[in-house]
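Before anything else, here is the set of structures, which you'll find just below.
Here subunit A shows up in two complexes: once beside subunit B, once beside subunit C.
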Partner chain A sequence: MRFFLRFLLLAYGFMFYLVTTVQAAELAVVIVSSERSAAYVEAEQALLSELERGGVSRYDMLQVTAQEWAGAGALKPKLIVALGSEAATVLAKAETRAPVLCTLLPRSSFERILRTSGRKSSSQFSALYLDQPLSRQVELIRLALPAARRIGVLWGPESQAQAPALKALLQSSGLELVEASVGRDELLFPALKRVLDDSDLLLAVAEPQLFNSSSIQNILLASFRVRVPLVAFSPAYVRAGALIALHVTPTQVGLQAAAITRGVLQGKSLSATPVYSHDFSVTVNEHVARSLGLTLDAVALRDRLRSREATP
Partner chain B sequence: MKVVDIRSRMLVAGLLPVTLLAILLAVVFLASRFGDLSDAHSQRARSLARQLATSSEYGLFSDNITHLQTIANGAMRESAVRSVAIVDSQGRILVSAGKPGYTMFPMLAGKETEHFDPTKRLDLLCQPIETSQLKLDDLFEDKAPERVVRPTLLGHVLIEFSRDGLLKREREMLWVGLAVTMGGLLFGGFLAVRLGRGVVIPIYRVSRLIERLGQGELSARAIVLADDPLRDLQLGLNQMAEHLESNRDELEQRIAAATLELRSKKEEAETATLAKSRFLAAASHDLRQPTHALGMFVARLAQLPHDAQTSQLIGNLDASVRATQDLLDGLLDISRLDAQAVKVKLHPFALADIFDQLQVGLSLTASEKGLRLRIRPTPVWLMSDSTLLHRILLNLISNSLRYTTQGSVLVACRVADGGQVARIEVWDSGIGIAPEHHKSIFKEFYQVGNAARNRGKGLGLGLNIVERTAQLLGHPLHLCSKLGHGTRFSIEVPLLPPGTFVETRSPILVDSLGDLEGLVVLVIEDDALAREGLVSLLASWGYEAQGADGFSTAQTLLEQGLIPDIIVSDYRLLDGINGIEVIQQLRHVSGRPIPACLMSGDSDPGFIQAAKEAGLTLLHKPVRPAKLRTLVRRLAADI
Partner chain C sequence: MEKQNKSKSAWFHSSCLLGLLGWTSVAVAQVPEAVSEKDFLGDMPIVLSVSRLPQRLDETPGAVTIIDRNMIRLSGARDVADLMRLVPGFRVSDSFEAGAPQVGYHNNLTTFSNRIQVMVDGRSVYSPFMLGHTGTGMQTVAIDDIERIEVLRGSNSAAYGARAFLGTINIVTRDPVDTLGFAAHLASGDNGINDARASMGWASDAGNFRLGVDRRADTGLDGSSGPDVVSRFNFRGDVRLGAADQVEVRAGQTSVEAGVGFAQAIGNAPRQRVTETSFIQLDWRRSLNADQDLAVGVSHADETNVDQFPYVLLPGLTLDFGGRASTEQFNIQHTFRQGSNLRVVWGAELRQERVTSQALYNTDETLVTDFTRYFGNAEWRIRSDLLLNAGGMFEKNSMSGDNFSPRVMFNWHITEGQTLRWGVSQAQRPPTTFEKFSNVVYSYAGVPVAATWMARGGVRPEKVLSREIGYLGDFPRLGLNLDVRVFNESVQDAIKYIGYQSPIYGEVKDFANVEDFTIQGIEYQLKCSLWRGAQLILNQSLVDSSWTDGGNKDYKPQPYLSSGLMLLQKLPGGVDFSLMYQQADATNYAGISSMAPATSRTDVRLGWPLRVGNKRGEVSFVVQNLGPAYPDFVPALNFRRQAFVMLKLEN
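And now, the complex of A and B:
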């Protein structure tokens, strides 16, 4: 039914385009969503309402899913916003004249898409990452867990590249990096054990090979046994047992994507390099904090982090 | 047999459903319980394996052998667990506990498998150990198909369960089931028997009751109980039995009443017959006396000189008197036969004697009718009662003479049947008897062609007397006659067996006695008329006759010097003493055995017997003059 309605909507769009090419040329934004789950809808709505608030007509914006995009290739919007990895993958393969802003996807995914599609990040194909910048994460650690000196990190094949940056960052902050790498077919536990044995906290990086729904329980269990808190990158990890997470919400993503879109519509080009979100949120698992003897206030931490970033 | 049949049928009807139900329930119950037990066993085993797999996950993830060993040992504490082994993803046994029942290591396919070894009754369960999936629903999760993270296979748990406990439980269950079934059957059987008895016993009672009723025991009643299932039937039977009994009683009463009535009727009839016989006897006696006197007077009258016209009248008178005398004789014979007073006395005698008497007695009658009576002399001796045979032949010949108008009557005797019997035949050339009358002529007072009852044709008693007497003697009597061609009667009398000694007696030659004039005859007769008639008759024959009315008169006569040669006495006399006693006393008084004879109108057998015992000839009244004369001559011969 929903598919049928969407199809009707698309058919309506086509007719619109075919009958009045002038109007079609004026189409401002096409939002391609990977799926229709809550996070995507939230981001989409935030984007749309923010654009509308900024004066973009609702009729100048078209929402399709990645699967529907195949039939909408003839559209000529000023900007295509891809929500999620699947939409980004589809658009990376598509020949579009309009610039594409990939968002609501982690950095590792975007880089993989670039690799597989042979594209390069440019003003025509850029991204707004879900990931938080390493500096912000280090800053949060310093704020939330000032006693932690040794920061444990597990690197996977996709995240290994960030290691020097983090090491430098930590060193500048007076912190020690305890790292271990896990190869493509290596067991996770030996590396994890090494890291956990020598660190005060485990900083999780968005590396799907290491941190996924299948492994997270054992990682959390192992870290909890040695009373090493896990600092994660997603509220889902906090719900699963991580102590704290620094992340961006879909609404925050949508709002920032709207700002970028407005810029593009006003004639600015996309940033050639992918950008991190300006805004962010902090989520704390109070139970885990209590069991570790900690008292953390998520809102206060976010506010303090924001204020620090505002005054560099 | 029938009751047994009903009882067994009732038992079957009661037990069969109970048995079927009990067995069905037991089978269903046991099957379902066995299934439950087996399912529970399998589920428990599988859940234990899964639990083990789950708890082994972290140990395998972290390669913690001690932890895994603890888990395996803990699992061994569970009942029915025979062995536990945890292997890693490469198939190496990390830890094991218990003694495995398998020798070959099973295939580890990363799937839940189950293998049952029937010989050892061991279930081997293989449970893969995978990393547990935590649903993150995270934007960081890569949804690309090649990027989706699958659960990692960490290893396998191999756990063996023994089915001994299960079998033990099943066996216990089976016993319990059997016990419950048997209990149900026993209870059901008990109920069936009890309930069946409640029906069968009343049926038995009813059938016994019907049997008794059928045997005529109508007083039998069913004892009706309030809770009897056949109560109505028994009440109905009781009612029926009551009806039957009352009907039978009523019928019996009616029969008894009818029998009583019949008996009284019969007694009445017998009384009437007896009265008739008495009347007949009395009448014949009372008639005989005057007829006797009349005969005497007529005979006397005939001897007086008369003119021709008077002589003819006297002749007619004499015939009438004779007919009357015949009638009285016949009636006397019939009354004697009726009273069964005639007793047969068999003795040997010569038939010639009887033939002589018949020739003498009937020649006159035959010649009077112008008939020829021929009696052929015969030498045979017979074994019979000569008196009764004489009476038979007398009647037969008289009958022939009566119905023959011309020609002759022939009497002859032939030896027949190889010398066993003598057939005495009486032939006549008379009118003959039509075949339709052959049977009837032997009836009393039956006369062919004499509806007017002409006395000249006899009385119709003769043949009846003949037949009855012949029956009494046991001599077969035959009749051969054709209308217009004469009649032949024959009677078969047994011959005297050869060699039998016979006392012969010289025949009485009456005619050779010569002149008996002057013979003194004492007549004792209480009836004056009869006495006078007899005395005058005897006097007319030239005898010196004296009359006396009783013993005293006779004694007086004797005392006056009368010496009687012969005494003729009546049997019943005035003085209350009978003729036999008078004769004996007179003989005693005179001192010599005076020949005597008795006359009587009585047919009393006792009297006849007494006369025979006293050796006195008895003349039945009315005595015919000719007969008396013959007797007197014979008595005179004994002097």
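And now, the complex of A and C:
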């Protein structure tokens, strides 16, 4: 039965591809996804549904993966939306007439792609970031943990570049940065210990060498032991035991990408400067919060953060 | 009651396992070098799983005192037992006469205090050989390996079984990830104090490991036949077997060589008693999902006592109190959460205790006691401000039948930081092997000539009904924290020794359920920040017990007040100053039926931080008992003033 269904789907996909190839000139949007796993599909579906809701026909939108892009290179859509780093990398190297909006990727990935491809951010090649601006993260810390004065951060080879900006932001908020750098071949734990000794919370900044599924056990256990909560960048970390995370969901990314797409379809240019998501989510591990003697309301925190951003 | 003749070597097991660990390697996921969306969208293993999140102090089913690593360091204590001075209601003896320094709660300090449970990383360490006393068990862990000690004051049998009759001391050792690298200490001072420790921690793809060896040595209390030397080795390895599974392996050996006995006591002559304990423990924890955990543990422990001396009145006769014991334990525990308002832990435990001692039981055969325990405890948040902890343990004991220990405790958060606690619990402590089967007969040239202990086997479990009201107040603005416990502990059928006439040997001793008594009173612990860098911890306990000391005609039940004060001050240059003062009313001696005078003790400590290369360390100077010597355990033993210097290098 499953085989039969797969066959039907493939057949449908093939027919759909033929139809859209024929209608290439009329295509509105091509969505190039790095892969077909859950988060990418979620973002894609949100984007498609929102555009459809805004009057764009499904037949004017084509979805392909980064690997399939080579075959779809002749298409002439009004906008190409790249979901993820791999898709963005492929499109950075491709010669497309249509502007490219790279999304579902963090700022450092986008900047790396610019560096390696020799491109510059422009209205032809721009981005909607997946990570959250440091200013928003600092604001969340001030709202959620007002007693925390010393913010611990571990820097890795790639994240280190954000140190001056975070230091300045914290200083202007009356907070202190307690930092330690971990080089490419250095052990994480001595640095973590140094930071935990002098911090009220640990702010995780994405860096696969430091924060990954192997190291998270030691990081969370060590920080919990000294009652230093972890402020993370994804809900998976909250599920693992971080106190709180500021993040954007794939659906939120899809919706904002749809809004940008609508603008382009209406004749606007892409913003030459990449943007952070307007919308975002706050996730709290209520069990960890309770154990630390804290009461945090994720929805209220998000609403307060949004209303602060709305007030200049 | 099954009799066996079997011995096992924990060393065989531990060496096999250590060997295995050397070859263990766990596949570690390839970590990409550059940041990508995978870091934000990828999944993570559950780390702070449901069983790893401790209850808050204002939500525990009883009064809990926590002694953390910093407090241990600042106290200058060399033994876990000595640390219990910092806990309201605890009485401590530093004597090694009955095995090792030991503690009692609510003035229940006897020769072999056995109404407290002591756990080290979830493993019960009371001695099946020495009447269930916990002194040697507390020596199995090096004080520098301890992360924190959680002391639940009050009956805790609903969670920890029969031995937690009046309370539980839960020792949690440091995670090996915190002790990577080399650490050491050396201490030298008065009374032959000569302590040393070296520990090495390392990490590999398989996990984190620690191996430590240490020695604690001095000449013992004034008047003792010292020296007292404790030598230990401990290994711990935490191995992660994939995202959801963690295995922890522990093994250790402790040797307590104590100079005991007295020159003038022909039945307790000066000698060196050697108690050796070894253990191996394996714990596996699987995180089933974000809300469920399964934990399985097995452990094996051995204890050997060599304790003999010639009886001077009959040349050729040797008095022997030696023997050996072993324990096997298997436990399984499931913890789950239902929504945000219900957390349940339930499980079962199988335990077998084997005791072999010709000297104490007049047989070469092994006395075996099997325990089967089923337990369940629920933490139900009835309202946001009201928590109910309800549970119990059913225990099947091959020696003295079945018993059930239930508990209910309500914690009401009156306002933020203010909690009232009320609850009632019931517990039973079955008699130990010695209390049930002692048969100490002395033979000369193969002919029995005398006997001291001859149990008739009629002793039954003793019971306690414990009621308490507690208050916890946290005043962060004032830097003040208050914990008050008002208690009524009604003990029925208390087990005590009695004398009776044996037709062959004349007056001999047995254990029987001969007394009901009530312990009631109030105790509190106050922590406050006095001024910059200063913290004061004050505790007092007033116990009014109707317990009588059968052999001590002078002892009248009377209120017993014990107080403790700890002042911690951070001085310029990072220097730590600590002052500790303890005072206790006159009461009975732990080791003899006689009145002990009121005692007081003042300790001071100064610690200077060090930096050796990239390592932190400390040089500390400690004076214990600044005042005159005070008697401890028996009138002939005195804790005199002693000073020592310690050099410590941290990981």
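By definition in this document, the second predicted complex is superposed on the first by the 289 of 312 C-alpha atoms of A that agree within 3 Å, B and C clash if a C-alpha of one lies under 4 Å from a C-alpha of the other, contacts with A are read in each partner's own complex, and residues count from 1 in each chain.
Definition applied: a residue touches a chain if its C-beta (ideal position, glycine included) is under 8 Å from a C-beta of that chain, and two chains touch if they have at least 3 such contacts.
Values in this document were obtained by computation on a predicted structure and should not be read as measured data.
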Contacts of A:T283 with subunit B and subunit C, given as first, second, both or neither: neither
Which of subunit B and subunit C A:F224 touches, first, second, both or neither: second
Touched partner set for A:S109, first subunit B, second subunit C, both or neither: both
Subunit A residues touched - subunit C or subunit B, whichever exceeds: C
Partner chain(s) touched by A:T261 [first = subunit B, second = subunit C, both, neither]: neither
Which superposed partner A:S159 touches (first subunit B, second subunit C, both, neither): second
Which superposed partner A:P208 touches (first subunit B, second subunit C, both, neither): both
First, second, both or neither for A:G293, with subunit B first and subunit C second: second
Contacts of A:S199 with subunit B and subunit C, given as first, second, both or neither: neither
Footprint overlap on subunit A, comparing subunit B with subunit C: 34, 39, 84-85, 104-106, 109, 130, 189, 193, 206, 208-209, 211-214, 216-218, 221-222, 233-234, 236-237, 240, 250
In the complex, subunit B residues that touch subunit A: 57-58, 61-63, 131-144, 147, 149-152
Subunit A residues within the subunit B interface of the complex: 34-35, 37, 39, 84-86, 89, 104-106, 109, 130, 188-189, 193, 206, 208-209, 211-218, 221-222, 233-234, 236-237, 240, 250
Subunit A contact footprint on subunit C (complex, rising order): 28-29, 31-50, 52-56, 147, 175, 177-178, 180, 203, 208, 240, 243, 246, 290, 337, 340
In the complex, subunit A residues that touch subunit C: 34, 39, 84-85, 104-106, 108-109, 112, 130-131, 158-159, 187, 189-190, 193, 206-209, 211-214, 216-218, 220-222, 224-225, 233-234, 236-237, 239-241, 247, 250, 285-288, 290-291, 293
